[in-house]
Amino acid sequence: MSGSTGLLTEGQDLRIVGFLCNWCSYGGADTAGVARFEQPTDLRVIRVPCSGRIDPLFIARALLSGADGVLVSGCHPRDCHYAEGNFYARRRLEMLKQFLSVTGIDPERFHYTWVSASEGQRWQDVVTSFTERIRKLGPAPKMSGGTGYDEECLKEIAAAVSLGEQCPCHKEKA
Amino acid sequence: MSISVGYYPGCSGSGTSVEYDKSTRAVCKKLGIELTEIDDWSCCGSTPAHTVDHTLSAALSARNLVLAAKQGQEEVVTPCPSCLANLRTASHKIEDEAYRPKVEALLDDSCESAATVASTLQLIVEKVGLDAIKKAVVKPLKDLNVACYYGCIMNRPPELMQFDDPENPMAMDKIMEACGATVLPFPLKVECCGAAAGMPKKEIVTELSGRLLNVADSLNTEIIVTACPLCQMNLDLRQGQVNRANGTGYDIPVVYFTQLLGLALGLSADEVGLSKLVVDPTPRLRFAGVL
Amino acid sequence: METIPLNSPDKDFIREVQERSGQNVQSCYQCGNCTAGCPYNFAYDVSVSRIMRLVQLGQREAVLKSHSIWLCATCQSCTTRCPNSIEVAKIMDVLRHMAREAGYATERNVKAFGDAFLESVEKHGRVYELGVTASYVKKTGRFWTDVDLAPAMLPKNKLSIKPHEIRGKEHVAEIFKRYRERDAAKENR
Amino acid sequence: MRIGVFVCHCGSNIAATVDCPAVAEQAKNLQDVVFTTDTMYTCSEPGQNEIIEAIKEHNLDGVVVASCSPRMHEATFRRALERAGLNRYMLEMANIREHVSWIGKDKERNTVKAFELVSIAAAKLRNNNPLFANKFDVTKRVLVIGGGVAGIQAALDCADAGYQVVMVEREQSIGGKMAKIDKTFPTVDCSSCILGPKMVDVAQHENITLYAMSEVEKIEGYVGNFDVQVRKKATYVNWDDCTGCGACMEKCPSKKNLDAFNEGISKCTAINIPFPQAIPKKAAINPEGCMMLKKGKCGVCAKVCPTKCIDFEQKDEILTEKVGAVIAATGYDMFDHSVYKQYGAGQYPDVITSLQYERLMNASGPTGGHIKRPSDGKEPKKVVFVQCVGSRDPAVGRPYCSGFCCMYTAKQAILTKDHIPDSDSYVFYMDIRSPGKGYDEFTRRAQEQYGVQYLRGRVSMIYPKGDHYVVRGADTLAGTQVEVEADLVVLAVGAESAKNAPALAEKMRISYDSYGFFMEAHPKLKPVETNTAGVYLAGSCVGPRDIPTSVGQGSAAAAKVMTLFSKDKLESDPQVSSVNASRCVGCLKCAKTCPFGAIKEVTDRGGNVKAEVIETVCQGCGICTVTCPQGAIQLQHFTDNQILAEVNALCQAQLDF
Amino acid sequence: MQALAELKDQIRKALPELDVVIGWQQGYDALHTRPLFIRSEEDIDKLVVNEFCVVNPSSYLREMRGGKKVGLVLKGCDSRSVIQLIQEELLNKDDLTIFGFGCNGVLNHAKLQARFGDIGYIESAESDGNTVNLVVAGNKETAPFAELCAEKCLTCSYPNTLQCSHFAGEESDKKAEAAQDKALEEFEQLSMEERFAFWQDQMRRCIRCYACRNACPMCVCKDHCLANSRQPKWLSEDVDVQNNFMFQMIHVMHLTGRCVECGECERACPMDIPIMLLRRKMAGIVRDVFAYNAGTNAEDTSPLMRFEVEEPTIEERH
């Protein structure tokens, strides 16, 4: 693209992935749009039917694939369109949220919350504050290494293989 | 029971409301509350300070809260609602980390540790409790029709004061009931008396205090019970001015709740400073058998 | 009556009131509840709901030159009952500060009383009631202020003849000093 | 795959802040995309035709539309795809309006974001599969919850159309608030004269089963096939035999019970028929007042009852009904003004609510239609009406306008003058809201013909002074404070959601707003639908409504039900879960977390346990998909692969425009 | 050893009703055992119970589902995985006979090697739970148990077999040496960046041999593991940091509320990647938030399979 809409490298948007349930939070984001509540542009939304559909592993996948932040939002507890989806989601997401720190991925990069279809204002607040939080944290550290092993690594592997039958891969099966 | 708190008497306590200070100390002693006066306390700034500048007002008040903390007091009580409002506001401001430096700049001292503040009324109602008061009453105020008048800032704004109902406070009503008095449903409990306008704008006080006396009178109030030095002064000392301005002839004694409470607890008229009042309550108290 | 020119509202004024009071004046929908409950309304030249309206319209002069802002006693009726939870009394306070800074004091006596009071605090650390009265009389020339109270007052022995001096009065005086220096610095900026 | 991308300008709604042609141009580089274009209004007829033509011309088998929210136009574009012969599920939308152009002004950033949303959509589309709906039967019976005027209208319309109706009413009689009202605005015709016949129709209609004193306990199932449990509360009177003769009421010695129908301004007997026109006209015992139920002594009613229908042993009963649709018409409650301490907090006897005043004016009310002060029975000469009590007041958590108070206040002021010609009425208002047919003329009439004094301002406080009440308010038009000494003060209390509305919403699996009012599927275009198929709304359960609107909504909801019932078979949404039996290890964790019981255990030919989805019961939430560790159960249209494709597209998207 | 004799006796009595009993027998040297499948009386005498009975016999169960009556000789920790699987209805309680005993902990080869050099020199090692007596190249040596035992034994609160049909010998009164896993505690002293870098290194070393998964008694998906699936396809075939890490994430999340912390994954890892840091972290969170210990009660329900409307232990997320 040319002209003013050229490369956006300088001050480029961060990569923030949003997972929103269709009934409440996606609706809330729509409500915010209809009301023209201005928001930072970094967030891209993936629509799912229910927060109960959001596998914590999607979030892990996003964070491991270079997302700078992941925002999840569903219906307020008790208001789930499917009655119980957000209750399960709350437990699953909380586990991931607390777990992330041990992997060295800053748990602050992941936030989950509840926004109803009528809460356009609240959606604006949620997006704005989360984006600000991520901007403060800066871009996520990128996965290094890509594929393959360095030489030292290969040596180690060779040593492991040479251990022969001690390798549990070769564990005796009944 | 033993309760120990810091005490901030306020400037009027050694002047126009000396009897409030005296009766407060006497009642607290009787109820097992140990009041420790903040050493070398200074004026909270009162209304004039906050009408000039909020930070100045906060600094003048905060000096006392910091002083109290340094003297080992976590909580301070004051009988005067105006002092209370200023000290409370200051307390809020120095809790706000963004605002605190502004106050500290004027005070030239850290406000990191400061005492909290409540009214003696709140202390008596919440910490001593009505049951304990009921038990301690030796001279019930039977046959005494009183109207409790709280004044405008004892409970307001509610977000700041966090005590009792802002429209229909009941703390004094309940204390008076516990003392055996008949408490009239005074509807203007929180209407303003004219406050500090007495000197610069007397006609405001004569109008507003006039309204209060009018309604109290229509309820056949025998004694008005207050908790505020300014209210008491406007209704009592200036009752003559009110009468002259409005062509009325009210003769309603206006006492501090601590004075009546003290009498009910068995203190003498002298111990609660009854003689300092302008409209003499003794005839009615005698008639009711309290004296 | 004058026509309020709406083309040039003093937006700085609106912003300043909002910033200094922390209140959103635009959330006032003019229900009049503040005026309805204001005990001082009878003495006002501009009712408090109109003050709010004039602030919304950016009418600096009309507001700061009103008598009402000096007569408000901060009784909190307006704040307590405002359906939009606007701290109206705080706005009145702020308007008074601004009027003072702009050199307006439409109620000289009220200002004089406040000044006398604070001078006393600055001097003694606590208020010296008799001193305040004397100073006020001197400022205003209203010699007869409250003399009618003397017969009732004097026998009660309430007003001490001497001020209460506190040890920390220097500290209190310094608070005032730093306050004035701060304001002067602000002016210069 | 051959994908076409259509970028909509939406006039200037999108194009003003997104470079739509650039997005379309860039989209050409996306994998499998063979055609892109940008159009002015993609949803318009020419816009849709352009899609159809492109599908045919370029042999597309998937379409991405970048436009508004899919919640807005997904159905529209799906139909367009079908017209072109494509499966409707081969559509993906990128929401570049609500989520892009309307919330940011930076055109450059917006354009990048819009393109990324298109690339996410395309990535997902590459994993889409055609899905086909199944058909299932409809139970052509409807449950109407609430017997106010909206529910009555809905029930009668459905019943007249030939469908069976089950009506559940919480109170002893149907009629709702309208039955309590004296006259209606702006026609000032008698409320019970126009409502009464409709109530009788409900009772007599052969297609309507009425359960009064009953509440919905539980709703299970799905559109076309709901299983409803109704709790019939104990009335201690066998209603099959009760003739409503009222002999029991005459003899009942417990006469000091709160008369709920009369809003507490009078007392009633423990066994009671709330009002003469009650439907059903049956007696019921209030267990809190009955001596027999409380102390085991009395039983007078049982002795005098000519049909021997008193049964002190009666218990609540649970009934089950099968229906195909539900209409909620549960109405509203009056705001509890006791939070206004400055108005006496309900402690002043002559400061009453507007609905209490209706009962005072009503000829069948406790005073026989004579306006008398509750305190001393005197006729008031000065009546003050205070509007917006619990309306437009954020400080008490009610920032909304209740809508009808201005009108009923005007009506009450007019009727006051009719009842007491030498009286004066004062109305404190903030704004007069009267946008209905003949409404504004009516409020003008109150002022011009009846001399009602309107004062623009709120009331700050009300306090008793002698025999009167001082009402201190403002008249902002005069610019100052005003005071009236009133004999009677009527608070025009606002409407709030019915108590327990949230609990009922949860039973129906619909949403409600922060005030407890039910949420419609779309505030403009789907005002009586909900997001749960087969559940419809009517009247004030959605928000304060006046009578004509409530009646209109009752009919509208009925029409929606009739549309639903016009088909013998319904199509199930194919966006449901599906088990890949070869991956399933039969742990059935999915069945344990399914909120709908939509997964059953089956055994395959090899004797292995497997999970299987009951498609008509599955609601498509996807909880099971996350539960399954093998990924064997996948929610169609939102499979792991589809969502992973979106995540991957987003996280690995190339930003080099 | 009293327990062993009793065990053998119990097995002998029960064997006629069972298709097989799984336990341990001596391995190729003093420091190794290998699985023993008892199908007849004569197999019973091969049974051993000692400090090197490390492998969880129940991990062989999944190879033989289908109504067989199986007996299992289980340590306390091993029994937890069985109980968890019973709870998940993946094992039928009625098909299982569990032979339990009191365990004083098992020893760790890596630690032995680190202390005494090549473990080939170690001729015997016996432990009473406090001290280990060894014979190394003919010399008698002693060492504190805590320095040589498996990490999991340091924090073990379940030394006795849970919910077993038969229990042999005395109950062990061995207490956990520490409530918290020291390694995890130390690891969590690191900064976020340091932790990230640490896992980068570890994941670069991972060869995705899936030994960790294969050794895991809770990995019941058998051939249907997400790691090898195309529908859905969570991982690419690339053995890179991203995919390796993702695999560990999958494993952790699938073990949330299920992991019994037996440590087999880490022991099985040929690259010595400290996977247990991840396991223990998640198990700790589950304990903190839901007060749930996997595999201790077959009647309970795992926390992610249920919910409360009000979750007092989960901070409300605004």
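The first chain written gets the first letter, and so on, giving A, B, C, D and E; residue counts start at 1 in each chain.
Just so we're on the same page, a residue touches a chain if its C-beta (ideal position, glycine included) is under 8 Å from a C-beta of that chain, and two chains touch if they have at least 3 such contacts.
These numbers come from a predicted model, not from an experiment.
*Asks:* Tell me the fewest steps from chain C to chain E, where a step is a jump to a chain it touches.
*Replies:* Minimum number of steps from chain C to chain E: 2.
*Asks:* Using the touch definition from the top, list the chains contacting both chain D and chain E.
*Replies:* Touches both chain D and chain E: A.
*Asks:* Identify the chain whose mean C-alpha position lies nearest to the mean of all protein C-alpha atoms shown.
*Replies:* The most central chain, going by mean C-alpha position, is D.
*Asks:* Going by C-alpha centroids, which chain is farthest from chain E? Tell me that one.
*Replies:* For chain E, the chain whose C-alpha mean is farthest off is C.
*Asks:* Once you count every C-beta pair in contact for both, which comes out on top, B-D or A-E?
*Replies:* A-E
*Asks:* Give, as an integer number of Å, the spacing between the C-alpha centres of chain C and chain B.
*Replies:* Centre-to-centre distance between chain B and chain C: 22 Å.
*Asks:* Using mean C-alpha positions as chain centres, tell me how far chain C is from chain D in Å, no decimals.
*Replies:* For chain C versus chain D, the centre distance works out to 50 Å.
*Asks:* How many angstrom lie between the centres of chain A and chain C, each centre taken as the mean Cα position?
*Replies:* 54
*Asks:* What residues in chain B touch two or more of the other chains?
*Replies:* 166-167
*Asks:* Would you pick out the residues of chain E that each touch at least 2 other chains?
*Replies:* Within chain E, the residues that touch at least two other chains are 234, 304.
*Asks:* What are the residue numbers in chain A that touch two or more other chains?
*Replies:* Residues 55-56, 61, 65, 78, 84, 88, 92 of chain A each touch two or more of the other chains.
*Asks:* Going by the touch rule stated at the top, which chains touch which?
*Replies:* Applying the touch criterion to every chain pair yields A-D, A-E, B-C, B-D, C-D, D-E.
*Asks:* What residues on chain A touch chain D, complex-wise?
*Replies:* My answer: residues 1, 4-9, 12-13, 15, 17, 22-24, 26-27, 29-30, 32-34, 36-41, 44-50, 52-56, 58, 61-62, 65-67, 75, 78-79, 81-85, 88, 92, 116-118, 124.
*Asks:* If you look only at chain E, which of its residues touch chain D in the complex?
*Replies:* 88-90, 220-222, 224-226, 229, 231-234, 254, 304-305
*Asks:* Provide the residue numbers of chain C that touch chain D in the complex, in ascending order.
*Replies:* 29-38, 41-42, 47, 49-50, 77, 81-85
*Asks:* Please name which positions on chain B make contact with chain D in the complex.
*Replies:* Counting only chain B, the residues touching chain D are 165-168, 185, 187-188, 215, 218.
*Asks:* Looking at the complex, which residues from chain D come into contact with chain E?
*Replies:* 580, 583-585, 587-589, 592-593, 627, 629-632, 634, 639-641, 644
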